[in-house]
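Input: a single structure, listed below in structure tokens.
Each chain gets a letter, A, B, C and D, in the order it is written, and its residues are counted from 1.
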């Protein structure tokens, strides 16, 4: 089911998210706290945006577990970015462990990652792929539900003409709606969980969604305000002007700092270019813990 | 463009094909003799049929170059089979190096491998995949032209009701025809080369095909008759009764033994359960060196 | 700290130990039951002895977690042997995850694997390596305490002139003694745990050792008598003549079958060519749970 | 025998050395021009120095061939540094392909890489390792002659008290002398080739050495002066003040630009902090093409 973290703020070392905090992504790779199955050892991926390359998305993915990958440690400790996404994978049963299936996925300025599972995806995959424009169909290299959802989000985004954070949110919301309709038409039984992130290097949207009537959505935590940095497990939270605030969305709180907040189920978090955060209720049907 | 070898005969060690002969598959992985580009270092695969498992196809694939894979050396030296397929890959530009794209592919009793390239495949991939039955569509895990051709071959084979070697040959021939028609409809310019093997553990068909007007097909050699074995580079060719004869089809002659014969272009080689060999002209249009 | 299993008996599929039982080695790779830390995801290895190759030890090792390795599933399901060793690794902190450090190690007819940890090994490694004969020094390819212990065991075995199971036991016991003496001379503080297996394809010795005054040795279970086989999680235990009995030593019971017995601490289990089992107290000093 | 490149100058993208030039390191990985065997496919490594981390050496290594590694392409295109080392490996026969044996090696501020082969190294390895101080002995993680030579160079450098580029050169020269003496004492027959680079992020020394009476040393080319950059195969050489000059030492000329010069055999190239280049004859005995 995976775990992830996305960061927007002042440039920080990737290690401040992935290797240094007490509950870093590497820690979650072998001992996550908010999943029944604590293991997320089926590879990992990082995307960071490079300011000196017109904010290009740079991708580093591997099928090795995050906890024993030396390249990850070296690179995360050396690279700084103001926009970072990182993901550790727990592959769905039957889904191949290959770099092509490792998140985050990248297309143009957009990167995407997913923690969750779409019920009966193999039964609707063909239909969903066939709804895609040719170029987005060709973009899909792996076999995950996640990459297919990314492609549908991009397709809706393209139709919206421009790409504000508001339109990014509508596109993700709409793409999930397409998936849910398809599941309903095929009378697929089972619970769908979708915590996903769409990011363009300056803005990001995240959702916390499930249609399960009896189970909570996958965990998702929000950390905002102040300047965040973390080395050797200790978060430093400096008072800062509003325009220096950082925003983190993470499957699990990375530190013991009480400023982490639970994102409500069935909602989206929108982060704009000024790193202002808005929380919005999703339009697609799903269970909501009242 | 790859290299491959398929063997049917008395049980031999896999190493007699892959590591021991003077021009073994491992040798071809770094220094093949009959390709302009001598390198086939983008992974490898072996399939052998296990007699004590109702002749089940057993698959071992890796993205590491064949020449430096220690597991390959150990396993090839220890396992014997009367039906072996082995393949080394030179990935087409842009095609991902992942185990999912490594040949031979397996489905039920059938295994398939390919040396060649289908012109403009990315442009016709979607259409060709959509012609497949649902289960064969779902079977396709990677992104190669080869696996798609395998799926079409299986689909035609299924329609033929039974599966004699003759019908296996018609299915492969027909699947290539479907691809060529699709290329023509899309007015794809460029040369297609297809040397492929379809095998069910007792019988096999192989083709040597190209539509290039000015270039030969990929190389393909046939070795038949006598008992074949090879250790430390020296082939032993023992006189044998007809029912003990072995058959090898290989992209390149594995040994200096003069009994290797060039397979004619635009033809198929059929090997039946008694390891009798028939060579048949293909029906699909393509260039033939007269 | 790792987990392992060794089998001697009638030929069985490797999968009967590694993938099929309810608590197979693959299950233990992500959810072992008798370690505080349930994860053994730093690679794996299998050795089987090949009867048609003069009982040669065949080695297959990988740095990928056992649970997501497709080659392991295919190979384990296809290969039968009357002598099998399999190991899943949880690397000691700072120890590299590389195939060279994956167990079982092989030298000539002998294979060796280890579950445990030698306190302060980096501080005594140089001295221990320098006690080795040149050829055994050169044999050591990786950096683990385990491989070094294997080399010392082989050195003592060589000095004993012949190699009965009794001498194999003395050699392993003696090698552990050399390590313990070295730790004492260097006044290394910390607990040492050594569950190890030395096997020659027909006979095997195993030990369950610790010098920790307050912690039990690593878990070790013995299954003997009857014909063992296991497919799809259900062990079949057939009554059998004494000469068809099988013996399994495993870090954890593979099945719910009550015939698994705990190996006493500070003891060695000797399995002779007739698969008769003897349990013997170790000579080297260590803590014994009275 | 490998290929390598080291760069000091104004910050450039790693891709300007590894992926972009006509004869980039990736090109040399499958088709090097100045080795009889054109293949260097046994893994690769890059070290760059990170200015915002007190010039720390950051290491990225892999056992996959450079030509099909997607992470290398992404990272090389995104990271800039004023000091870069990159290496592609052709493993000596019998030397394991593992990340631990991939160059460049790093220790503190120093990084080291090697193109060549030390005759009969397995026979002198033990003796050479035993001459090392404990901490440098422990530093050696792999089994290559190269890493052992690095350790000896560091040991001599430590004894020299400070670490000017002059002393770095003496240390490398001296370490090669220790190896050559050891070979002579053991009466090892065979040719030794050592092209090596020692770098501390601001200064570097390189040597081109062989003791072969009848074969040239491994190729080594020097490019200096002007501002170097290279995208899509085309080198841009801008006139520049002396303090902006860049220096490149490469096994093969990366571009067709005529300013590449052959480094004389049996000599060292010293690059100081101001990127002034000095060429000095080695003191250790070896063949010199007069």
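Just so we're on the same page, contacts are C-beta pairs under 8 Å (C-beta built on N, C-alpha and C of every residue); 3 or more make two chains touch, one makes a residue touch a chain.
None of the values given here were measured: they were computed from a predicted structure.
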Pair exhibiting more inter-chain C-beta contacts, C-D or A-D: A-D
Same vs different contact residues, subunit A with subunit B, by half of numbers used: same
Subunit A and subunit D, separation of their C-alpha mean positions in angstrom: 40
Residue numbers of subunit C (touch at least two other chains): 70, 96, 99
Complex interface listing, subunit A residues touching subunit D: 50, 52-53, 56, 58-62, 70-71, 74-75, 77-80, 99
Contact set on subunit B toward subunit A in their complex: 96, 98-100, 122, 125-126, 130, 134, 137-138, 141, 143
Subunit C to subunit A touching residues, read off their complex: 30-31, 39, 41-42, 63-65, 67-68, 70, 91, 96-97
